[in-house]
Amino acid sequence: MSVETPTLSRERFVRWDDPTALADAGRTMSGREFLEAMLHGDLPSPPICHLVDFAISGVGDGQVDMTLTPQESQYNPIGSVHGGVIATVLDSVMGCAVHTRLPAGRGYTTLEIKVNYLRGITRDTGPMTAAGRVVHLGGRTAVALASLSDKTGRLYAEASTTCLVFDLPSTAAA
Amino acid sequence: MSVETPTLSRERFVRWDDPTALADAGRTMSGREFLEAMLHGDLPSPPICHLVDFAISGVGDGQVDMTLTPQESQYNPIGSVHGGVIATVLDSVMGCAVHTRLPAGRGYTTLEIKVNYLRGITRDTGPMTAAGRVVHLGGRTAVALASLSDKTGRLYAEASTTCLVFDLPSTAAA
Amino acid sequence: MSVETPTLSRERFVRWDDPTALADAGRTMSGREFLEAMLHGDLPSPPICHLVDFAISGVGDGQVDMTLTPQESQYNPIGSVHGGVIATVLDSVMGCAVHTRLPAGRGYTTLEIKVNYLRGITRDTGPMTAAGRVVHLGGRTAVALASLSDKTGRLYAEASTTCLVFDLPSTAAA
Amino acid sequence: MSVETPTLSRERFVRWDDPTALADAGRTMSGREFLEAMLHGDLPSPPICHLVDFAISGVGDGQVDMTLTPQESQYNPIGSVHGGVIATVLDSVMGCAVHTRLPAGRGYTTLEIKVNYLRGITRDTGPMTAAGRVVHLGGRTAVALASLSDKTGRLYAEASTTCLVFDLPSTAAA
């Protein structure tokens, strides 16, 4: 679908795993086990992590950290990292923070996300850490917050989300 | 940074142009001219369009449409298109809708974005259209709204944004 | 709790009905019937409508209008109508718009609201209309949008909300 | 505008000061001085504080606390404190937190606010504390966060805001 011109001079080769196995594992493990398996390389990262280039770097009780490497392939038309890339990482740490609190058989989906952008990000900003934490987990919904900062602790974005939490449909045994 | 396991079986080759020339063009053209040049292939799409796989498909006065192709490389760990991908496209149509109203020498940056997710999206959902429109343009800020729908007009997400608008710093002549 | 100084020279006498009967009626009528009864004066308005001074002025399928009268008692420290007053009216039209789609025995609660303020409002702005409409109603959640405009149709604010929808607990018969 | 029925059995007498003097003071004092004068009763509270019944209870560097007393006059049609009342207090602590960082001659206005509601609030919830804090102050915008909790520290709402900050127009001397 991209406009193809002969000048496309930069390239990145993106490789990822079939996400079906990952989603299946997510249905049988607790969120904490699932995310720790991903952190330790026992489960593959989901495709989006390979595409956008971010990775889980910490898992706690109601808390998840991820690391984002700003790079040119994430650029918008005005010469900086696209806000959607930042939203992607912040959405991920918040959803996964909620997931750490869910037992096997419970799932979640994101109802809404809001991101406040404090400063622009370029390749020169260097590796960034997104930190998500749950502030409320009820029987039907959860609320989480997140922030994005550089190595020096300088803030670049703040975010909040509402997730729906629910019982996963039980899958028929073979 | 991705966890590399020998099983990475899927791949996508992403190619894009040096975004410097694009950002430079953005500083000398009106927003409408800039986006129409991109629509007609006279300017390259920014890297993020190639990475995430979406493209501008319509430019009007205070309005921009883009087309997104849902695909596996955009998937989250729970088996559907990551909410950040949807935020990326909606942020783009809203920022660009604001841009259509700016003369040469004026720029914008996104202060915040909120997205409401109405339904999940998978590869099977098919091509989607994001439509952004400006509802307010003042001297210092602009507000835009957007929605994402499939071919049948069914809604999948709604979004709103605040942008800061300002005079671009004049660049020194060669 | 207010700081009491001898200079408090302006006053407003606020009167309202015991809201218990209203909340009880809300549990036995469909949302549409409930709101139309309020519109026609067959049910009292809730206390907040009397306190802030706004009233329901239209009820449709998935749509509700309310009228707000800007006045000094709603002022913030910087000399204009407080943003919270605007949020109150927009939250109301969105929640009630969702309610119009719920049968008797179903209830809703607001999970989150976002408001974009486009222009300041003072007493001189004159009566304003808030219009809310549902864009999605699922089995567990609903999403609604709203805008606030003056008599000439000029926009002053835009809003979005996510509501949780659910079966009301059945109340024991006498 | 309220629907007047003979049954309006509850009442509250709201008194406030002419807000003009307050707004004038706000133009000549630093934000910190202005808010501390209000805290100590040397300046009157704005009308909205008297109407909704909340008051400033703490002022720091980039931080403001306010106390809200939940009561029946703030009720929505479904029998709890209206979300707009909560938005009003959270908007106030965030805007005022930004104000504490502004010198005399600088002003602010709220561009947008988002509130996540975690739990319902009734009269029985008791006095609540809203705490706002600035997370970013730039030359043109500021971002602040806030939360609302009861005496035990239990959270009821979270909020975020973007404010525009600017030089106030200088007023002609007499």
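Residue numbering begins at 1 within each chain, and the chains themselves are lettered A, B, C and D in the order written.
Simple rule for what comes next: a residue touches a chain if its C-beta (ideal position, glycine included) is under 8 Å from a C-beta of that chain, and two chains touch if they have at least 3 such contacts.
Not measured: the values here are computed from a predicted model.
In terms of residue-numbered contacts, A-C and B-D present the same interface, as over half of their contact pairs agree; the other options in B-C, A-D or B-D do not. In this assembly, the C-alpha centroid of chain B lies 34 Å from the C-alpha centroid of chain C. If you average the CA atoms of chain A and of chain B, the two centres end up 19 Å from each other.
Residues of chain B found to touch two or more other chains are 111-112, 114, 116, 162. Chain contacts here are complete: no pair of chains fails to touch.
By the touch rule above, chain C contacts chain A in their complex via residues 111-112, 114, 140-141, 162, 164, 166.
Of all residues in chain B, those touching chain C in their complex are 114, 116, 118-119, 135-136, 138, 143, 145, 147, 155, 158, 160, 162. Within the complex, the chain C residues that touch chain D are 1-3, 5, 7-20, 22-23, 26, 34, 38, 41, 44-55, 67, 69, 72-79, 82-85, 87-92, 95-96, 107-117, 120.
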